[in-house]
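See below for the structure under consideration.
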Amino acid sequence: MLRSMLNRFGGMLIVMALVVTIVFVIVRVTPGDPAAVMLGPDATAADIQSLRDRLGLNASIPEQFLSYVGGLLRGDLGQSIFLNIPVGQALLERAEPTFFLTVFSLLIATAIALPVGIMSAYLRGTVFDQAMTTLAMVAASVPSFWLALILMQFFAVRMGWFDTSGYGGPGASFAERMHHLVLPAVSLGLVSSALITRFTRASMLDVLNDDYVRTARSKGMSEWRVVVRHALKNALIPILTVIGLTAALLISGAIVTETVFGLPGVGSLIVSAVLRRDYPVIQGALLIVAGLYVLINFIIDMLYLAVDPRVRY
Amino acid sequence: MKIVTSLIAASVAVLSLCSVALAQAKGGVIDVATIGEPPTLDPMASTADLVGMVTQHIYETLYTFDKDWNTTPLLAAEMPTISEDGLTYTIPLRTGVTFHDGAAMTSADVVASLERWMRIATRGKQTAEIIKSVEATDEATVTITLNKAYAPLIALLSLNNSAAIIIPAANAEQDPLTSFIGTGPYMLKEQRADQFIQLVRFEDYQSIDAEPNGYGGGRMQYLDEIRFVPVPDPNTRVEGAVSGQFAYADSLPVEAYERLSGGQTEPLVLKPFGWPAFIFNTKEGLGSNLAFRKAVQAALAPQDMMLAAFGSEEFFTIDGAFYPDNFAWHTDAGTEVYLPEGDVEKAKTLAQEAGYDGTTPIRILTSRQYEFHYKMAQVAQAYLEMAGFKVQLDVVEWATLTQTRTDPAAWDIYISHSPFLSEPALMGVLNDTSPGWWVSDAKAAALDAFNAEVDPDRRVELFADVQKIIYEEVPLIKVGNFNALAAQSPKLEGVTPASWPYFWNAYLTE
Amino acid sequence: MAAISASAPHREPNLLMRLARRPTAFVGLLIILTIAVLSILAPWIAPYSPIKLSVANRLNGPSLEHFFGTDDMGRDVFTRVLYSGRTSLTVAVAVVTLASILGVVLGLVSGFFRKADAPISRLIDAMMAFPDILLAIALVAALGPSATNVVIALGLVYAPRLARVVRASTLVVRELPYVEAARALAVPTHKILTRHVLRNVASPLLVQATFIFSSSILAEAGLSFLGVGISPDIPTWGTMISVGRQYLDAAPWIMWFPGGAIVITVLSLQLVGDGLRDLLDPRLAKDI
């Protein structure tokens, strides 16, 4: 068992090394020049060259790669060219809106998906079930930025209930900041509720057909107790897995949604870093996001190993 | 109380500037939506307008512009004394001016700052070639000596991008600048990247004792705080203005005009703001041929290009002159080849003359950073194709464009725009090294004469020659004049429409 | 869906016919075919030119002359939605094709040859560690915004997903008795792969490809919306929305119709995908 753990750990290291290389290659073949963006429209070619020298952009690609990997090994993600602060700090400063946006979207998605999914499974084949299944499919077909714009138009501009963009000014209270997250979280939550609804419905269907549920019914238990106490309890593991999966998918959604609502999160940082050619920030963000994913996968594998020693890699 | 204040506000509006000090209450915080995050808070280090717009509240220059675009003293006590031969500028400084850190500004700070400007700033480096020395004559006087007479000097010292700002001598060695200390009416409190730049009133600010006049004159400090909020998406800026989130929103699409009226915000039109231009690569490829450039000029129809880009006649004028008629520089010299409707037949003849083969595509480089650039490119493509040209639109990101245009092998035309600069010598196309690389004997002759002349009236006459040469050699095509649209809350008063909006003198009413 | 899938017990030869028996899948198929046909026939049925500018007619609302109104350049939105369909669908088809080719090759090789399995699987793991939009943004920025490069970027993003499906099926098929028998009889490997393995891998591949088809339509629109997608002078549904966004209030129809086209297309593809999965892979159908 120790051997397979070590094997798996080695595999993870290889994957991380590949991730680092992929990120570096993608970012460095990207055309465009951060120096020209910073110096403004009337800068001379000589000015741009001297800034490139200072930023280390004129070093050869292998040299840049070595110094980048060297930095990573020391835990240094580099310095943002445009923001002039360490990349780690830039990412940390942006973590809060993204974190809460993800949490709220998940809460909204789950709050919609669980009851709807359970009811659909229970009322399988009825008009309600068909309507909800169709609705879930429609929700999964809507581009999230489109929904975001429509919500913004109606609730922020027309009704004036929310600000259209931003995350509150200097010294904004926690409540004010969260208020800015309502529309983004609703638009993301609605779209991601589709997947969870379908999974909940399917898992519940499975369980409702199982023997022990039938037994519980035959014992004369109330329907409510059968569904919630027995069926839901057993369907919960796959449902939780899909909720976890959705959380990982939300970072993609956050990129677009944060941009639409001008939220200063990790997603919008990545988009603006791409537009400004802020190489270290793009590298750092891609690396952290991908690294977290690899790490979570590794932990899950380890848990499976611990639970079931027959699993071998 | 409310009625009284609004009555006063109304009478102020009527009486205009006569009773400035009476009615405006101190206090209040405003959020200003800008087009993005400035790449730096050091206006020496960038020529971007956005950097100038934000930092002009923090730092000041020796001179600045009044409402008629004349230079006027700011940190200098008066206009310079210029020697007969135009080589020596003696600049008296104001006394009693302090930096945000409490230190008094002296001639040593000014010399150190100007030296930094000549070392770091794009415009400073260019000017350094003709500056022989910058010396402190005494505590409150600085003398600039030139190699040759150069009339645009004071205008250059007045600009707010690539700006000759005055900072403490102790900070002048910093590159990049890390202490953002100036003498301006507002000082930096906190900057959070992509979220806000928070400026607060500088309590020890020494204003010039005069009525406000453009960027010059007295600078009042009614507002407690100004926050610049980067909102890169124009649509989001509009929505934020309409919902009342922003007291001021900069650079809005003209289509939004109707929406801005009658609610939490009002439209603010700056007319004329500037001019879009198609800039030729005169160094390599198709554009190195004068007949070709003339053919393109004849093929384009400025009228339709401006209409597509700016929507309605309220937002543009069709004008070939490089300065509109409210500027002293206005002249029609050479503009007879500017044809609002274009002339397809003439274009075809000229293209034949130029030996255009009908297959080589004209590579037009543009981006959607400014939507009107892209729209003009689309219309231009349609007209050029009508005249028998092949066109290839290269629509790239701004970051790619600023890099690509420095490569003479990569493009034939790129699209740009410029505000009406107070000093024609600062126009990009007149610089031999700016992308386009227009160099000619006729240009050099006209420009040298213009730059060496000190007499303002004579300079106006000499500018007509410069404009004529531009129209003869077609290094660029001026498309027209356009107006800029911004939005401001009806509660915000005292903001003058300006190329680089500023918020000293602005105040909030109930 | 499960209720419906239970009612299709016999096997019939034609997949299309079998699919057509399922009402929802049939409706989906009908819609997607209609959209495809309309897009292909765009040059003949569109009432106006998609590129000719008519600046005087800009931002006109929907009317009898212009069913979907006109855009900021005075072009007919209905016409442009039709032409955009050509590009959006072509891009999506190209993405699916590229991803399938890459996915099948990678998946077959890593599933069939033990030595190749570890390196390819690690590469797939590494690619799949990136959220899809994020990787696509970075790739398009690197390659430059053009239709071809969007196809390449999205193809690379989705290929690992298909490769995993193919690898998993290949692993199973490889151990089947008749494949082992064929290997024992020294049948050339490429024949085993094409004759036996590929045929068995086809069903799950087809189901996945349908979902990747719909994902890439959404992804292309998202990239174009962020301004990092297809060059804006080529009409696609995504670029139309990104232009229409500026006129959200003055001329919302510029954005409505291409947005609606996306929703309908993606929805019908999902209906077809669900139908296919129920038909071809009843085990999976029960899971989801």
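Brief remarks follow.
Just so it is clear, A, B and C label the chains in written order, and each chain counts residues from 1 on its own.
The definition used in the following text is that contacts are C-beta pairs under 8 Å (C-beta built on N, C-alpha and C of every residue); 3 or more make two chains touch, one makes a residue touch a chain.
If you're wondering where the values come from, they're calculated on a predicted model, not measured in any experiment.
Closest chain to the protein centre (all Cα atoms averaged), using per-chain Cα means: A. Among the other chains, the CA centroid farthest from that of chain A is the one of B. C-beta contact counts were set side by side for B-C and A-B; A-B has more. Mean C-alpha position of chain A lies 22 Å from that of chain C. In terms of their C-alpha centroids, the spacing between chain B and chain C amounts to 47 Å. Mean C-alpha position of chain A lies 41 Å from that of chain B. Among the residues of chain B, those in touch with two or more other chains are 397, 400.
Each of residues 141, 144, 227-228, 245, 248-249 in chain C touches at least two other chains. Listed for chain A are residues 31-32, 153, 157, 259, 275, each touching two or more other chains. Touching chain B in their complex are the following residues of chain C: 51-53, 55-56, 58-59, 72-73, 141, 144-145, 227-228, 231-233, 245-251. On the side of chain B, the complex with chain A involves touching residues 29, 31, 37, 39-40, 45-49, 51, 122-123, 125-126, 161-162, 176, 189-190, 192-196, 198, 227, 229, 231-233, 236, 239-240, 242-245, 397-400, 402-404, 406, 416, 428, 433-434. For chain A in complex with chain C, the residues that touch the partner chain are 11, 14-15, 18-19, 22-23, 26-27, 29-32, 124-125, 133, 137-138, 140-146, 149, 153, 157, 198-199, 202, 205-206, 248-249, 251-252, 255-256, 259, 270-271, 274-275, 282, 286, 289-291, 293-294, 297. Residue ranges on chain C touching chain A, taken from their complex, read 1-3, 122-123, 125-127, 129-135, 137-139, 141-142, 144, 214, 218, 221-222, 225-228, 241, 245, 248-249, 255, 259, 262-264, 266-267, 270-271, 286-288. Taken together, the chain B residues at the contact with chain C in this complex read 234-235, 253, 255-256, 258-259, 304, 307-308, 311, 368, 371, 374-375, 378-379, 382, 393, 395-397, 400.
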